[in-house]
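Two complexes, one shared chain (subunit A), two partners (subunit B, subunit C).
The block that comes next holds the complex of A and B.
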C-alpha cells in the first residue's frame, strides 16, 4: 500500500512537472498573467483607489470579496477550535489550588469545599504551576507594548508599505500569546478574557461585511466603497481608500482575536488552565 | 432590491453567523431564531433569484462595482438558480429538524454549532452562485472547514473520521486550486467566462490538459466519486445526525454542480467532449462507482452507514449522466442533483429520528419500529421508494431521464448499472422494512392480542414536521418534473448536447 502510494505520488508529480514545459518563462513580462488583468491593477490603482500599494488595493478592493471570505475562514477556524476543544465549565474537575502571593504557600481546596481567602493575597493556580522566570518575564513585559504598537503601525500603514490587517493582526495576536508564554495563561486571560477574544473575531469580520452592507444600503453595490463618499467629506476615490482602511481594521481585529482564541483552546486543551 | 439578490443570498447568512456567534456568548436563546431567520431569508432570496432567472434570463452582480475580469462577479443562470434553491431549502428544513438533537446532545455548544451550520450553507451558496474560479475555492474552504468541525462533533470515531476527511478534502481542494493556478498562468484570468474566452487557442497546450485533469480529480475527491470515496462513509456515519443530514445531501451535490460548471463554463463542452474525448472513460468510471456503491451498501448492517454507500452510488448516477453528453443525460444529471438532495435529506432525517429515539440506527434497533415510530418509518418508506425509483416520487423521473440518456448515447453499460443499482436498492430497503415490520413478532405476539403492543414512541414534532415536509416535497417535485425541466433545466443544456 505504501509503495502504491509512492508510485501514485511520483506519477502525479511527473504529470504536473511535465506540464510546466508549456509554461511561459519565469519572470517573462510578455506572459499572459502579466498582460491580461494585472496591468490595470498596477497602473490604475492610484487613480482608482488612492492607494499606492497595489497589493493592498487588489486584496481589499478589486478582490475585496475574496478577502472578506478569507477572513471568514479564519473566523470559522476559531469557532471550530472552540466547538471541538472547549470543555464546558461545569464538567471541569472541581478541586482547586490557591497560592499565597507573599509566602508561596499553596492551598488545595477539596471538591465541594468552600473557603474565604482574602483574594488580594491569593491567586488561583493549577497543579502544574511553575514560577515565572524573572528575566523572561521582565523582558517580555517591556517588549509587548512595543510589539503591539508595531502591529497597529502595520495595520495602518498597509496602504503604503507591505502590511495590512492580516499581518498586523498576527503581530497583535502574537503579543498576547507571548504574554501567556512568558507569564502564564491566567495572566493572559486576565488581560484578554475568553469572551473578549471570542467576540473580537466575529466583530472584526462584521466590520468588514458591515462596511459592504453599508455601501449596499447607500444605494451602491456590495463593498463598493465609493458609497462612503456620501458619509465622509471626501471624494469617491479617497472614499475607497478609507473603505480599505476600515476593512483592514476589521481584518486585524478578527485575526488577532482568533489567534488568541485558538491558542488558548489548543494550549490548554480547552480547559483554560496551565496546559503549557 | 431585486438586483442585489445574488449578493444578498450569501451576505444575509454570513452577517447572521456573526450575530449568532456573539449571541452564543451574550444571549444563547437567540442563536436558533437567528439561524432560522438567516436561512429562511436566504431561501426566500434564492427563490426570488430563481423567479428572476425564469422570467428574465441570467442575472449577474459585480462585487465592489468592479467589472469582470478585474473584480469578482456572481452570475446566476438556469443551472445554478435551481441548485441555489435546493441548497437553501435543504439547509433551512434541516436546521428546523436539528434543534431537538442539538438540545439533547450538546446544549452548551449550540452557539458555535449554529454559527458553523449557517456558515456551511453560506459557503455552499457562494460556491454555486459565483462566476469566479478563485472565489469558488475560497468558499469551498469555508464549506470544508465548517464541515470538518461539524462532523468531528459526533461521538465515537467521529474525530478520526473527520481527520481522514480533512486530509483527503484538503488534497481535493489543493488539486482544484492547482488547476485554477495552471489556468491563471496561461490565461492571466480568474473569471470563468473570461477563461473560457481565452482558452480555445491554447487547447493544444499541455497545461490546459493537465489543469483539466487535476481539477477534475480534485472535484471528484471532494464529491466522493468511487474510488476516491474512502473518506465519505465513516465521516457521514459518525457525524451527529443533524450534521449528516446537512452534509450528505449538500456537499456531494454541490461538488457535482462544480464539476458541471467547470466543464460547461470554463473548459467548455467542446474541449471536454471533442478535444479530450474523455466521456467514454468517465461514464465507465461512473458505472464502476454505481455498481461498487450498491454492492458495498449491501454489506452494511447499519441504516446510516448503508445510506452513505447509496450516496456514493448516486454520485455515479450524476457524473455518468452528465458525461453521457446528450440532452437527456444532462437533464437527468441536473434533475438528479435536485432530487437526490431531497431524497438523501429525507432518508437521513428519518434515520436521525431513529437515532434520536433509539440511540443508534443498527439493525438491532429496528425491530418493531413501524409500530412505535409510524410517522418516521412512513417518511422513510417514501424516501426509499424515491431512491428505488417508483413513480410518482421524484427519483423515478431523474432515473428515467438518465436511462433515456443511456439508450440515446448507446451506453448499455451505464443502463445496466442503473437497473442493477435500482434492484439492489429494492433489496436494501425492503430488508429494512421487513425487520421494522415483522421482526418483533415473537416478542410482541402475546401482547398483540391483549394490550395492542408497545406504545407509540415517536420523535418530537419539531423533527417530524420537517421530515414530512421533505417526504411530501419528494412527491411534489416528482409531479412538477415537467415544469422544472421545461422552464429551467432545458435552458441550461449546452448547445452541443441538443
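The block that comes next holds the complex of A and C.
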C-alpha cells in the first residue's frame, strides 16, 4: 500500500506540476481569475451597496445564494454529528464521581445510585480527572468576555473592516470551547446548554432565508435587500447595507451554534456528562 | 538559466501547494489509522484553500476594502489597486465548511471505534471479514 501510494502521489504530483507551466504567474494583475467579474464587484460595491468591504458585499449580496446554502451545509453537519453521536438520556444515572473540596477525597457513586451531597462542599469531577491549573482557569475566565466582545465587533463591523458573520461566529464559538477546555464541559454546558446551541444554528439559517422570503413578499426578488427600503426609513442602497448586516447576524448565529454543538457532541461522545 | 529562474519565481507558490496536497493525498492513501487519514484530508483541503487565495493576489494591491471616509474625496475605483475578493469569499465559506465536515468525520470515527474497538484500518477489515 505504501509503495502504491507513493507511485500514485508521484504521478499525480508530476501531472499537476507540469500543468502549472500554463498557470498565470504569482501576483499577476492580469490573471484570468481577476479579469471577468471581480473588477465589477470592486468598482460597484460602494455605489451599489454602500459597503466598502468587497468581500462582505460579494459574500452576502452578490453571491447570497451560495452563502445561504453554505450555512445550510454547516447546519446539516451539526445535525449529522448530533444524530451520529447523541445517546438518549438513561433512566438510571451513570456511575459518577464527586470530590470533597476540602480534603480532596473522591467518592464514586454506583450506577443508579442516588446521593444528596451538599454541593457547596462537593464538586462533580470527570472519571479521568486532573486538578485544574489555577492560572489557566483565572486567565481564561477574564479573557473570555473580551473574546466574545471582539467576536460581536467582528460581526458588526464586517462592513468596514475585515470581518463578518463567519469569522465572528467562529470567534464566539471558540470562546465557549475555551471555557470548556479550561474549566470543564459542565461549566460550558451551564453557560450555553445543548438546547441553546442546537437552536442557534437553525435560527441563524432561518434569519438568512427569512430575509430572502421577506424580500420576496415585498415584491422583489429573493435576497434582493433593496426591498427593505419599503420597511426602513432609508434609501435602496443603504437598505442593501442593512440587509447584509441582518444576514451576517444570521450567519454568525448559525456558525457559533454549530461549532459549539459539534464540539460538545464530540468531546462527550454524545453523553453530555463529562468531556474535555 | 535566466528563464528557468524566472519560471521558479513565477510558479513556486503552486509547487508549494502541490507538495502540501500530495502530503495530504499520501496520508489518505497509505496511512492505516483512520484519524491520520482524516488529518490528511484536512491538509488536502488547506492546500486547495491556499491555492485559491493565492490566485487572488495582485502585485502592489491592497486588501479589498475600498478606501472610504468622510474626508476622502469620492473617486473612481481602480480594480488593479485592490486584490481579487472572489477567492476570499469562496474560501471564507470553505474554511468553515471544512471544520464542519471534519466534525462529521471525527464523529464517524468515534462510531467506528465503538463498534470495532480499533481505529486501524486492517484490524477493522479483519473483523468485518471474520463476521
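Quick note on the criterion: the second predicted complex is superposed on the first by the 232 of 276 C-alpha atoms of A that agree within 3 Å, B and C clash if a C-alpha of one lies under 4 Å from a C-alpha of the other, contacts with A are read in each partner's own complex, and residues count from 1 in each chain.
Note that in this section contacts are C-beta pairs under 8 Å (C-beta built on N, C-alpha and C of every residue); 3 or more make two chains touch, one makes a residue touch a chain.
On a predicted model such as this, the values are computed, not experimentally measured, just so you know.
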Overlaying the two complexes on subunit A, which is it for subunit B and subunit C: clash or fit?
-> fit
Identify the partner contact of A:22: answer first if only subunit B is touched, second if only subunit C is, both if each is, neither if none is.
-> first
Give one of first, second, both or neither to describe whether A:108 is in contact with subunit B, with subunit C, with both, or with none.
-> neither
Does the superposition put A:65 against subunit B (first), subunit C (second), both, or neither?
-> first
Tell me which partner A:4 touches in the superposition: subunit B (first), subunit C (second), both or neither.
-> second
Please indicate which partner A:190 is in contact with in the superposed arrangement: first for subunit B, second for subunit C, both, or neither.
-> neither
For A:141, is the partner it touches subunit B (first), subunit C (second), both, or none of the two (neither)?
-> neither
Overlay on chain A, subunit C to subunit B nearest C-alpha distance, Å | 5
Residue overlap on subunit A between the subunit B contact set and the subunit C contact set?
-> 12, 16, 20-21, 23-24, 31, 33-34, 37-38, 41, 63, 66, 70, 73, 77, 80, 84
Within the complex, subunit A is touched by subunit C residues 7, 9-15, 18-19, 21-22, 25-26, 29-30, 54-61, 63-68, 76-77, 79-80, 82, 84-90, 92-93, 95-97, 99-101, 103-104, 106-108, 110-111
Would you tell me which residues of subunit B are touching subunit A in their complex?
-> 4, 7, 11, 14-15, 17-19, 21-22, 25, 61-66, 69-72, 108-109, 112-113, 115-116, 119, 126, 132, 134-135, 138-139, 141-142, 145-146, 148-149, 152-153, 159, 178, 182, 184-190, 198, 205-207, 209-211, 213-214
Mind listing the subunit A positions that touch subunit C in their complex?
-> 1-2, 4-6, 8-9, 12-13, 16-17, 20-21, 23-29, 31, 33-34, 37-39, 41-43, 45-46, 52-55, 58-59, 63, 66-67, 70, 73-74, 77-78, 80-81, 84-85, 160-162, 164, 166-167, 169-170, 255, 258-259, 262-263, 265-266, 269
Parts of subunit A lying in touch with subunit B, wherever the complex brings them together | 12, 15-16, 18-24, 31-38, 40-41, 61-66, 69-70, 72-73, 75-77, 79-80, 82-84, 86, 88, 90, 195, 198-199, 201-203, 205-206, 209-210, 212-213, 216, 220-226
